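Below: one structure in C-alpha cells.
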Amino acid sequence: MTDRDQDRFHDQCGVFAIVNHPEAANLAYLGLHALQHRGQESAGIVTSDGARLHACRRMGLVGDIFTPDRLSRLKGDRAIGHVRYSTAGGTSISNAQPFTVHYRGGSLCVAHNGNLTNALVLREELETQGAIFQSSGDTEVMVHLIARHGMDLVESICQSLYRVQGSYSILFMSERLVVAARDPFGIRPLCLGRLGESWVVASESVAFDLIGASFERDVEPGEVLVFGEDGAVRSLRPFPSRPRRLCLFEYVYFARPDTLLDGRSVYRCRKDMGRILAQEHPADADIVIAIPDSGTPAALGYAETSALAFEMGLIRSHYVGRTFIEPKQSIRNFGVKLKLNPSRAVLDGRRVVVVDDSIVRGTTSRKIVENIRKAGAREVHLRISSPPIRFSCRYGIDTPDDEELIAHAQEVGAIQDFLGVDSLGYLSLEGLKTATGENGFCTACFDGDYPVDFQDRGRRLQLRFEGL
Amino acid sequence: MTDRDQDRFHDQCGVFAIVNHPEAANLAYLGLHALQHRGQESAGIVTSDGARLHACRRMGLVGDIFTPDRLSRLKGDRAIGHVRYSTAGGTSISNAQPFTVHYRGGSLCVAHNGNLTNALVLREELETQGAIFQSSGDTEVMVHLIARHGMDLVESICQSLYRVQGSYSILFMSERLVVAARDPFGIRPLCLGRLGESWVVASESVAFDLIGASFERDVEPGEVLVFGEDGAVRSLRPFPSRPRRLCLFEYVYFARPDTLLDGRSVYRCRKDMGRILAQEHPADADIVIAIPDSGTPAALGYAETSALAFEMGLIRSHYVGRTFIEPKQSIRNFGVKLKLNPSRAVLDGRRVVVVDDSIVRGTTSRKIVENIRKAGAREVHLRISSPPIRFSCRYGIDTPDDEELIAHAQEVGAIQDFLGVDSLGYLSLEGLKTATGENGFCTACFDGDYPVDFQDRGRRLQLRFEGL
Amino acid sequence: MTDRDQDRFHDQCGVFAIVNHPEAANLAYLGLHALQHRGQESAGIVTSDGARLHACRRMGLVGDIFTPDRLSRLKGDRAIGHVRYSTAGGTSISNAQPFTVHYRGGSLCVAHNGNLTNALVLREELETQGAIFQSSGDTEVMVHLIARHGMDLVESICQSLYRVQGSYSILFMSERLVVAARDPFGIRPLCLGRLGESWVVASESVAFDLIGASFERDVEPGEVLVFGEDGAVRSLRPFPSRPRRLCLFEYVYFARPDTLLDGRSVYRCRKDMGRILAQEHPADADIVIAIPDSGTPAALGYAETSALAFEMGLIRSHYVGRTFIEPKQSIRNFGVKLKLNPSRAVLDGRRVVVVDDSIVRGTTSRKIVENIRKAGAREVHLRISSPPIRFSCRYGIDTPDDEELIAHAQEVGAIQDFLGVDSLGYLSLEGLKTATGENGFCTACFDGDYPVDFQDRGRRLQLRFEGL
Amino acid sequence: MTDRDQDRFHDQCGVFAIVNHPEAANLAYLGLHALQHRGQESAGIVTSDGARLHACRRMGLVGDIFTPDRLSRLKGDRAIGHVRYSTAGGTSISNAQPFTVHYRGGSLCVAHNGNLTNALVLREELETQGAIFQSSGDTEVMVHLIARHGMDLVESICQSLYRVQGSYSILFMSERLVVAARDPFGIRPLCLGRLGESWVVASESVAFDLIGASFERDVEPGEVLVFGEDGAVRSLRPFPSRPRRLCLFEYVYFARPDTLLDGRSVYRCRKDMGRILAQEHPADADIVIAIPDSGTPAALGYAETSALAFEMGLIRSHYVGRTFIEPKQSIRNFGVKLKLNPSRAVLDGRRVVVVDDSIVRGTTSRKIVENIRKAGAREVHLRISSPPIRFSCRYGIDTPDDEELIAHAQEVGAIQDFLGVDSLGYLSLEGLKTATGENGFCTACFDGDYPVDFQDRGRRLQLRFEGL
C-alpha cells in the first residue's frame, strides 16, 4: 500500500445479492468486481441451491479468487457476496465475509457493510450468556442475536436489527431466503435492481451496469426486503420512521463516479463540488490540476467555472499496489512518487491550482505539494472539494482517531502552513450539500453531528488473539 | 493419496504442548514434525506470551507451513500445536486446529485428538440455547460448554469434560494457563515429558526424542494436568475411576515404531505380534516379506520365529504423496504400483509369506497380492498382525462403515478367496494382547466391545453448508 | 487481457541501465517499474560487480519479481534491465531478457528494444556456420555476431551493429563494460541521464524522474556510448550519418505522457494533436469525452479548441488485468464493459465527441461506440488523434498483419459505417507532425515509407519447438 | 536437504525415452517418477509429433511439475525425459534438461546422464570458433559439436560422440528421430525395454516395471540405437571395442534395489555385499541395524551370515526434505536427528553392528554414531558395504574433492577414531566384485584406476555468471 493509500478514508465493504438466476455465482462475481473499489482485502460469495449453501471466501482480489473451478462449485440460483477492506490489524480470513454459521434454524450467512455502535455492549452481554466469538467483527454479534431468537428467520432478523445500533446495509441468506436490510438512517448506500426475472441488490448501481441489470430504486432507510423462493419480494418496515442520513463521504470519495446514489450521478455531484469550490475559493493561477483519479471530476468543475485550463500535472502509475523496496540512499517522498509523477512540462513556471477530494492526516498531501513544487510550480493553491474532516467516523469508514486528523484541532491557516501551499480552500459544508442536492446526510466527520448514539464509547475490544 | 492410503485406518490427530520455554513455537514446530504421521492435512500452533495468544493454522505439512517468518510471529513461552488428518468431506481450514475463540473468560484455544460420542446430542442442546457453530467438528461443542460455565477456566474445563463422552487427549490454552486432559478410559495416548525447566506434552514420545526432552510418564486416563504461570504443574482427577482402555490399534499401526505407549516400545510389540503370528499361523514357505513400512517389524518377528529369510520383496517409492495421472491405456493396479514395486528378483519362483498389519476393505490387499503373483511368486501366504477388523471405530479413527469392512460379515475363508491368497492367517486377539502385554485396551474394532456409550447413534450432522 | 488490450499496438520492450552506483540493482528495479507500461510479460536485471555478472529474469511484473531477497543477490555497481511485452506465441522464459551468454570474451548480457529486419537472413547464415539457437528472438543473432568477432568487446559490438538492420535501442554489459547503442535512424527512443556520480540510460525519461536522476539528453541515432570502469563515458559514431526517423507512435500512444521524447513533452504533443484534430475535424456536439486513459490528453486539447465541455463519459476499472469468466447467458461487449463503463448520467441525450488515439482492427472501437449509444448518447462523433494505420510495423511494435488493419484497404467512409458512428475524423499526418514539431519520424505504419530495408521479407522463422 | 543427504555421493541424472506410443508424455512422466531417486532438482520432458517438438522443463519433483494441463500440451508419440540432481552452485533452470536448440538441421533436444572429461577443452575450442554458451553444463558442448557437422543427424551424433570423452548415457531427439547412446566403457547404466509396439529406454529397469514394459537388455557400451519413424530400431557400433567399466557405485548405492543392472538384481548384490562383509569383518555383537534405507539390504545379509538378529534401530522420518528451522538453543546433531531417530528400546545396553553403504566425509556418520550411543548402545561396530572411497568421481557423480574424502589420506584406524566406533570394517574391493559378480567395473573412486583420460584436468570453468 502506498503512502497515499494510507492517508485516505476507506470504505470497509461492498455487498451484492442476486435472487432467482441460473448463474447466480457468475453474476455475483461480476457484481463484486464492479464493487472492488469498496474493498480489496478479501472477497466471498455464498450461494444457495434451496437445500444447501456453498461458500468461497478468500484473501485477495475478486478476479484472482474466483477461478472457473471455484465458481463452478458455487451451485444454486441465489447468491450473496462481499468485498472487504483491510482495517488496521484485522487482516485475517476469519474476518472475511459472508460470515457463515450453523444454528438451530439451519445455515445462515451474512454480508455486512457498515458498523454497529453498540457491538461491544452486545458482545459483553452475549458473552455473559456463554456465547463464544471466533472473529473480531461486529457481524458475529448480529448472528448471535438472530440465533437466540426462536421464531422464523425474518422475524428473528427484524428483532435483532431492532437491538443493534449503527450503520448497516446488510444481506442475509439461509437455504431458502435472501433478506436485505438498510439501517433506519440509511447511512450506507444500498440499491435494488432487476435483471429479467431476477432481483439484484448492491451497494452501488455500477454493479448493475456490468451485468446489464436495470436500476430500480434505492433500498429505503429502515427497509427490510425479503426475497422468497417464489420469486416474490416483500418490503417490511419494522422500525419507526427516522430522518435519512446518507454518508456524505460516499459522494465525496468512496462511490465510483459512474454510480448513482439516491438516484443522483456521483460524477455530476463531484463536478458541481468543484464548481462551487471555484466560486467559494477562486485562485489567481494559470492551470488547474487534479490529484488523480479521485480529484479529477471536481478539478474539471473547478476549471470550468474558473475558466482556467485543466491539465494533467500528476501522472498516476497503474502498476502500484504491492510493496516496493526503497533504496538505502533514500528517495524523498518515495511512496508518493511511486504512484504519482509530477510532470515538469506541465508544471514548470506555472501557478497551479491543485484539486483533491479531502485531507485526512495531511502528511501525504504535504509530500505531493513538495513534489509539485520541485517540478517547477511557481505557486500551489490547494483546493479541497469537501469541508475539513474533524471527527472520526463511527459508521463503517476506516478513519484515524480524532487527534490524527489534521483539521481536528487546527485552523485552515495552520494547515496551510503545514502543507506548504500558497493558499488553501475547503469547500463549505453548505456548498457540499448544494452540490449533492440533499439535506438528509450524515455529516458527522465534518461537524460531529453523529446521528446514532455511541454506546460502545470508551469500550475497546480486548482482542487477546492474533492471526486466528 | 494412493490406493493403499485410502484403504487404511487413519488417526485423526496429534497434539503437542510445551510450557515455560523461551522458544516455545520453534519446539512445538519440531514436536509436530515428529507427529506428522498422525495427520497431514493441516497443522497449527498457538502460543501465549502471558497477555495475548498468537496463532498460525494452515492446510499442509508442518515443514511447509511454518516458515521462519511465521514462527517468529508466534511469540511467547508456551504453545500448543496440532496436526490433523483429513476425514472424508471435511477438508477445510475452518476445521483446522488449535480451535480458537474469544469468550467472557478471555481467549481460549483447544487442540483435540479423539472423538466425542455425544457431540451431536450436545450440539442440539446448545443450538436450542442459541449457540452458533462455525465448524462441523466436535471440538467446537467442547468450547461452547466451557464458555457457558461461569467459574474459573480449570473448573469450567473439568465441568465440561464431565459432560462429554468419547475419547479425548486434549490440550487447552488461555492467555495464562495450559491444561492437558485425557479421557477417563485413556483411549487415545498422551504422555508427559521434561526439557530442562520446561514441561512438554505429546501424543507420542517420539516428539520428545527430537527436541531432546525426556519421557516422564503417560498422562493417566482421566487425569487433568494444569500448567500454571509459575512453572508448577498440578494433577487433578475430577472423574470417577474407570478401567483403562487404550486403543489397541495404536500399537498395531498408528504410532511410530520408535515411540513408547504406556512406556512400552511399539517396535518391540509389533515384532512380538509377528512372532506370535508365526506360532499361530505357520506357513510352508521360502521367504517372508513385509508390506512396507508398517508391516516390517511384524514381518521381522515372523521371520525370526519361523526361521525363514526376511527379504525386501516390495520396494516403496518415497516420492508418492500427490495425485498422479493415470494413462488412458490404463495400468493395472496403478495406484498401488506407484507406491510399491514388487521385486521379481526376490519373488520369482518363491513361496512367499506376506506380512501386513491389518486389512480394512481388502481391495488394496488384493491388488498387492496380484502384483506379487505377477512378479513370479509361486505361493502367497498372507499373515496379518492383528485380528479381523469387524466394527467401525467411534473414538477418533477414520474408518469406513461396518458394511465396508471386509471382515464385518465374512469369514476368513471367504476373505482368503477374495484376496486370492493361498492361505490367510490373522493374529488372534489373545495373541495381540500377549504381544502388547496389557489387558486394558479398547478392542471395539475387533470384538464390538465399545467402552463408551454412543449417544449420537442414528444422528447425522445436518451440514447444509459447504466450503466454509 | 481485455478486448481493448488485444486491439492495440503494443511496444515490445523497455530498457534501463545504471553505471557506477552502489545500489545499482535497487535503482534498476525502480527504473523498470517506471517503464512497466512498455512491457508486462517478463522482466530482468543483470548486475556486474566487475568480476562476475549476477542475473534475475522472470515472467511477471517488476513489483512481483524483485523481492528483497532477489534484489540483494544482484551485487555490483552497474546493472542493465529489461521489461518485455508478450507477443503472440512467444511467451516463454527463454525469450526473457537481458539475454546472457558465455563466449570466449567472457560473459555478455544484452537488453534490446526494437526489431531487426535481417535477423532471419543472419540466422540462416550463422546456422550454416554451425551456430545453435536457444530462443526465437533476434537478440540471440546479435550475440552470435559479437561472439564471432575476435577483437575487443566495443569493437565487436560496433562491427556487429554494422551488420544488423532494423531498429534497436540496445544495452550490453560484460563484467567490466556497459555499452548503450541506438540504431542509425533512432527509431526507438533512448535517453541519457545523470544521478550524482552515476550515469543512467533508459527508454524514457520517466525512469529518471522516479529515482531523482536528471535528464541529460537523448542518445543520438547511430551513437554508441561506452561506460568504462573509471566512470568515464565515451561516445562513438561508428555509422555513416542517416536522417533521424523516431517512431511517431511513441508520441501517439506508447510513451507515458509525463516522459520527454527528444526533449519534448509527450503530454503537450498529445494535447496539441487534439487541438489540431479539432481544427481539422470539428463536430457539432455537446460534450467531448476520451477513451481513457490514452485518449485523455488529446480529448482535453480537442475540448479546449472546440470550446466544448470535457466530460468523463467512460469510467475505467483499475482492477482488470486478468481473465474474467463470462456468464453463459452472455453479456454484450463483455470484455470492453469490464474495463470501461459508460456513464449514462453524462451521455444520455448528448451529442458526444469521442476521442481516441488510434484504431487498429476497429473491433473494439465498434463495441465501445455501441456501449456509448446504449448509455443514451444521441450522436457519436469519433475523432482519432493519429492518421489511419495502414501498414504493419517492422521495428519492434506488435501489430497485426496489414490485412487485419481496418484502414489498410478501407476508406474512412467504410470505416465510419463499420464503427457505427455519426462521423469519423482522423488527424492528418501533417497535423500529427505539426503537433510533434519534428520532421524526422518513421511514419511507415501510416504511409508505408519504411526507412530500413526488409531483408527478412518472405522468410518465417521455422520454429519447430514449443515451450522451451 | 539434511546433513545426511549432504554427506553422500549423488547421481546427477536419470534419463527415459519412449518411441511409438500414443501416450508418450504420460508414460515418460511415469518413467521419470520411477527414476526420481536419481535426481530431484529439476525434471523435463520433450515430445515430438513428427513435425514439432513440445517441451516442459521445471525445477522440482516430477509429481509436482507435470500437471494434467502441462502433460496434455506435450503432444506426440515419442518423448525423452530427464531428472537432474542439483550439484553445488549450478542450481538453475538453464541447466535443466532435456537441453533444446534450433540449428540448421532443425530442432534437437538432448538428455544426458554422465560427465564429459574433455568438455572444457572442447568448450575452449568451440568458443575460439565463436560459439556462445548459455549454460554451464557439458551437454551444450555436445550440441555444438553436432550442429557443426553438416551431415545427417545420426552421422553428426556419431562423429560428435567420437570427439567427446567421459561417461554418457544419452538420449537425442529431433522432430523425426530418437537416438540413444552409451559411452564405450558403459560407465553409466542404460537399458532397453519393450511395451507392446513401443520401445522404451531408461537409466534403470524400475522405470519399465511401473509402466508394464518388459526388460529387453542393457544398451551395450559403445552402442548407438536409432529409433526411426517406422518403428524400427537400428543398432550402430561406431566406436572401437573397449573393456566395459560400469560404475560400481550404482550397485552400492545409486540404483534402486528393485532395479536390474546388467541383468542382475541390485537388491541381491547388496545383500551379498553384507554377507561377504560379515565374513570379512565379523563382530562380537548382539544385534545388526542398518542406516535406512540404503544400508538395509546389506544389513540383512550381514545379519543372516552372522546369525545375529536384524533390528530396526534407526527410524527414518518420511516427511523430511525441506529446510527445518533449528532452535537457537540448538539441538545436537539436529539435521541427522530430523531424519533418523535412534530407538532406545532397541539399542539400550546392546552391542550393535551398524551397516551403512559408504562413508564420504564421515561427518554425518560420526553424528549418527553419537546418536546411537546416546540411545544406550554399549558398543558400536560400524560395517561399510563398500571399500574406502579415496578418489573423486569424474564420470557424473557429485563427489567432494579428494581432500574432503575421509579415506583419501587416512587409514582405517584413524577413521575409526574419528567416527568414535569400537570397530570399523569396510568391504574389500574383491568382496564387492564378488558380490556384484562381474569384473568389468569402474573402480576409480576406490583405487584411482580411471578408465578415461581427464583432458580437463587443471581446467576450471570460468563462470562469471550467476542465476542465468
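Letters A, B, C and D mark the chains in the order given here, with residues in each chain numbered from 1 onward.
One rule holds in what follows: a residue touches a chain if its C-beta (ideal position, glycine included) is under 8 Å from a C-beta of that chain, and two chains touch if they have at least 3 such contacts.
For clarity, every value in this text was computed on a predicted model and none was experimentally measured.
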Going only through chains that touch each other, what is the minimum step count from chain A to chain D?
2
What is the chain whose Cα centre is as far as it gets from that of chain C?
B
Can you compute the centre-to-centre distance for chain B and chain D, using the mean CA position of each chain? Integer Å is fine.
37
What whole-Å value do you get for the distance between chain C and chain D if each is reduced to the mean of its CA atoms?
48
Euclidean distance of C-alpha centroids - chain B vs chain C, Å:
60
List, in ascending order, every residue of chain C touching at least 2 other chains.
none
For this structure, enumerate the chain pairs that meet the touch criterion.
A-B, A-C, B-D, C-D
Okay, in this complex, where on chain A does chain B touch?
51-56, 73, 93, 100-104, 106-107, 124, 127-134, 136, 143-144, 147-149, 175, 462-468
Show me the residue ranges of chain D that touch chain B in the complex, using the header's touch definition.
22-23, 26-27, 29-30, 33-34, 36-37, 61-64, 66, 68, 71, 206, 209-212, 256-258, 260, 265, 267-268, 293, 296-297, 300, 304, 309-312, 315, 317-322, 324-325, 327-329, 331-332, 337-338, 341-343, 345-346
